[in-house]
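The following blocks contain the structures, represented as structure tokens.
There are two complexes below, and they share chain A, which is joined by chain B in the first and by chain C in the second.
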Partner chain A sequence: MRNDARALSGIELALYMRRKTLRDWALVAAICVAVGLWSAWGTNFNLLALIEGLPHIYNLGGRMLPPDLEIIQNLGGPMIETLQMALLGTTIPIFFAIPLALFCATNTRRSHTLGNILRILLNSLRTVPELLWAMLLVSAVGLGPFPGTLALILHTTGGMGKFFYELVEGVDPGVIEAMEATGAGRFKVFWFGIIPTILPNLMSVALLYWDYNNRAATILGLVGAGGIGLTLTHAIQDFQYREAVTCLIGIVLILTVIDRISAAVRSRVI
Partner chain B sequence: MDKASALSERATNTQTPMIHVSGLTKVYGKDIQAISDISLTIHKGEFTVLFGPSGVGKSTLLRCLNYLVEPTSGVVAIDGQTLGDASTKELLSIRSHVGMIFQEFNLVNRMSVIGNVMCGHLHGLVAWRALTYSFTREDQELAIRCLRRAGLHDEGLYFRRADTLSGGQKQRTAIARMLMQEPKVLLADEPIASLDVKMQHTIMELVSDLAKKDDITVVMSLHHLELAKQYASRIIGLAGGRVAFDGLPEELTDDVINRVFELVDGQVVGEADEE
Partner chain C sequence: MPEIPSRFTLTRILIAVIAIAIYWWSFAGTGLNPVEIYNGMPGLWDLLRHMFPPDTDILLSLWTPFIETLQIGILASLIGSVIAVPVGFLAASNMSPKFVYHPVRLVLNVFRGVSEIIWALLFVVAVGLGPMPGVLALIIFCVGVMGKLIAEAVEAVDPGPLEAMRATGASGWKVFVYGAWPQVLPTYLTICLYYWDHNTRQATILGFVGAGGLGYTLLFAISTYEFEKATTAIILLILLITAIDRFCLFLRKKII
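Here is the complex of A and B:
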């Protein structure tokens, strides 16, 4: 193949490459269409069903409006609980994720074995969605915001740990070397050479997870793990759609505010 | 022969051996031989410059001297203490008296200048102080003395972040960090390669002054041979991972330089032929 290409020259080569690119694009497009069709078939994706369902959607919309503003006074408590869950679910993992990063990152870990075991642990924590953790923990420690917070902590530790050790691995080896050369031990090198270097990135990741956990905390009520989600779930279960809409509006408003706050903090940190 | 006797004569004239290396070999991976069978004794107060083509193992040799790179075989001793026999704790303690400066300065960019300098005393910092980033009053005072000794007199700079400094100021900060260790030995890896010509002289002058007045034994890799001749008391040429020249600056003639640089090619060809 390469010899063929080499035998061609100038304009011929250009034309050959162009034909080749077109053929490649056609191939990629065909694969995309095939995968799309396969997935649509597997999920019963059907636009007709959607159109047939339109009257029902209209009907549902009617039952949702206007929002029931009377329950607003009952929303404050669960809403604050949701925010508190997210705060603990974000701050506590930071204290786990930093030491875990020290033991996992290839440039700071003491033992390969321990590092790999901890990576598998982090991976498992992260792979199980927080909703699933919450279901498991509710059966372990009972209903309420506590299992919800634990669920957030587990999932976030997994994700944050991975982000953190990748940041550690990205640190300039020269800085680490300079710290080691002063006779500083492993922890001091990490604490003085690495942490200050990646601090803005650490904060950025923590803010990202705070953002994420505020969203995640709203849904945990679905399995009885506290927060505004519980109120929402009850409303839907009781067919009180007007109350449910009020909950949703509250959630959207609060998340928007949080978004703004975290964006403002982020722009200061970086 | 004459040269060897001249060197040994000088060795007896100068005081005690500070760095002793014998049979030092470092192999990276399976078969990349960075340095092979290097034996050297460097005496207290000597200013030794390592030169040779890039990739010849100067950096590796320097890093073997404080075990940042663990040699594959051979012995390294600093001031009578053998690094290979030392426990981790002892090794850190030996290292705490071996300063090191680098081509790229290797400061913690987001830390203040004085913070960077105080890092030179991390070895002696107790755990709770390390955890809370609180150095002692004595450390702060020593850091200021070190900064002044390194030629940074403008106190307005001390609390600036390290990445706001110029190249020369950065290297001075790195030198102050090294001084904070109260070192017996300074390992310098191309310390002036990232600086402008004027600053190169300034920094060489400073290091030379430290070597003389503060009694620091210097081992420096350097590719500016004119500067090497001007400041060094001993010059070692490396070729193919071995010592190809070891003598006084006066003995470093163009012939010798050419021989050191050609030897690499010669050896590589020779080895390839043998295999």
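Here is the complex of A and C:
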């Protein structure tokens, strides 16, 4: 009788629900703590090592400040390279992602098998971190911004492809049917029916990826793929920590500026 | 007959010219031109040939890094989400005084402005290789991002129920736990799940700078040109992240 919620009423029901909710949350909390402890054991996480490492961090801080301002003029070139990588890495994939989305989306595809294979391909492209792509491409074609841009293109095509086919699938079927009723071929339905419907969302996704790619482009330099990340890596490898901090400050400033530009464009255009 | 305005206004032509100029300059700057693509083709083909077929002998030895990556993601998300709650409340303009709000926001911006990899690099230099610097770096970044999102959720809290509770004489603590917190909870849970997924992805990347997990194995495999092993690790990576993605979707449907 106690456990049959339908037989309870009013205050009794409220108290029962509250106890049940607390019990559920306690269970979730217990699971989290157990999994957390297992993870801590597995990663050798102990606060002692962190406390022992604090003098190292303090030491590092002392060697990192004050930032070395003399190299600011050398940062301009790599910074621009990073921005260029991000720009190309965002706009070129749009041309690949739109046709791919057409072939994947359930409401516009010709063949189910091809569509599913392409979906798996897109998923793989976007799951592999762009840093990993960059590493592979650097060992294939050498250092510089070229492999970095290719890596961004690969990763972004996957990501945009997924967003795009979800958008295409969300288009109101009435639009497509109306256009087909007037005798429009597949391409016209796509170009004049689907694209105008999803265009604001397309642009929103593109802006999102531009923002993300700028951040990613700075990191790609870590594996030799050009831009300011490369300058940063060289500084750290040469133990020139003060230069590294200047690079870092430059990166944070540029990313903040891009953030603002992106927000401004978004509020104006979308 | 009314004159239809021309599509080619001066502003649009100017924008088009500037855009073409920027693109031309970008292509030149990044070296993305047909010549270089042609030159890079043999290298790419070579890479592909070496990457397949994947080396399945090392599947057993990849198990430990695989689990390690999972653990880094879980631990960083748990600790980060716990720390982010009080920090988020401190960073909310309607809950904390001005002299606390501004510095905390600044600190949070620094935490998230510097990407996780840089933090991981710094921590590797500070505490050595292995999974621990990865966990620490992810915690820092996670607190930065989640703190900001929680602060925004707290600022969006509806003051009506809070005022009503205070009118019935509820003390500050009760107002918080039963008034403000339930309004923040759904957003908080969504953020936690999303960043668990994100942290596991990042855990693999952080391995590239030595912070443990599958990324570290990948770094080794690629540096020693053992590309077949790299392919196996990559496939495991894709499986792990896809699995967590699905799990998060499933949890999301159950909870929210």
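Basically, the second predicted complex is superposed on the first by the 249 of 270 C-alpha atoms of A that agree within 3 Å, B and C clash if a C-alpha of one lies under 4 Å from a C-alpha of the other, contacts with A are read in each partner's own complex, and residues count from 1 in each chain.
Throughout what follows, a contact is a pair of C-beta atoms (placed from the backbone, for glycine too) under 8 Å apart; a residue touches a chain by one contact, two chains touch by 3 or more.
This structure is a prediction, so every number in the text was calculated from the model and none was measured.
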Quick one: classify A:Glu177 as touching chain B (first), chain C (second), both or neither.
-> first
For chain A, which side has the bigger count of touched residues, chain B or chain C?
-> C
First (chain B), second (chain C), both or neither: which does A:Phe103 touch?
-> neither
Applying the touch criterion given at the start, work out whether A:Thr218 contacts chain B, chain C, both or neither, answering first, second, both or neither.
-> second
Which holds for A:Thr256: it touches chain B only (first), chain C only (second), both, or neither?
-> second
Would you tell me the residues on chain A in contact with chain B in one complex that are also in contact with chain C in the other?
-> none
Over in the complex, which chain B residues touch chain A? Could you list them?
-> 63, 66, 68, 88, 92-100, 102, 104, 106-111, 119-123, 125, 130-131, 133, 174, 177, 180-181, 187
Per the touch rule above, chain C residues touching chain A in the complex are 22-23, 25-27, 29-32, 36, 39-40, 43-44, 46-47, 51, 67-68, 70-72, 74-75, 78-79, 110, 113-115, 117-118, 121-122, 125-128, 130-132, 134-136, 201, 204-205, 208-209, 212, 218-219, 222, 225, 230, 234, 237-238, 241-242
Sort out for me which residues of chain A touch chain B in the complex.
-> 172, 174-175, 177-185, 187-188, 191-193, 196-197, 199-200
Chain A residues touching chain C - in the complex, by the definition given at the top = 32, 35-36, 38-40, 42-45, 49-50, 53, 56-57, 60, 80-81, 84-85, 87-88, 91, 123-124, 127-129, 131-132, 135-137, 139-142, 144-146, 148-150, 215, 218-219, 222-223, 226, 232, 236, 248, 251-252, 255-256
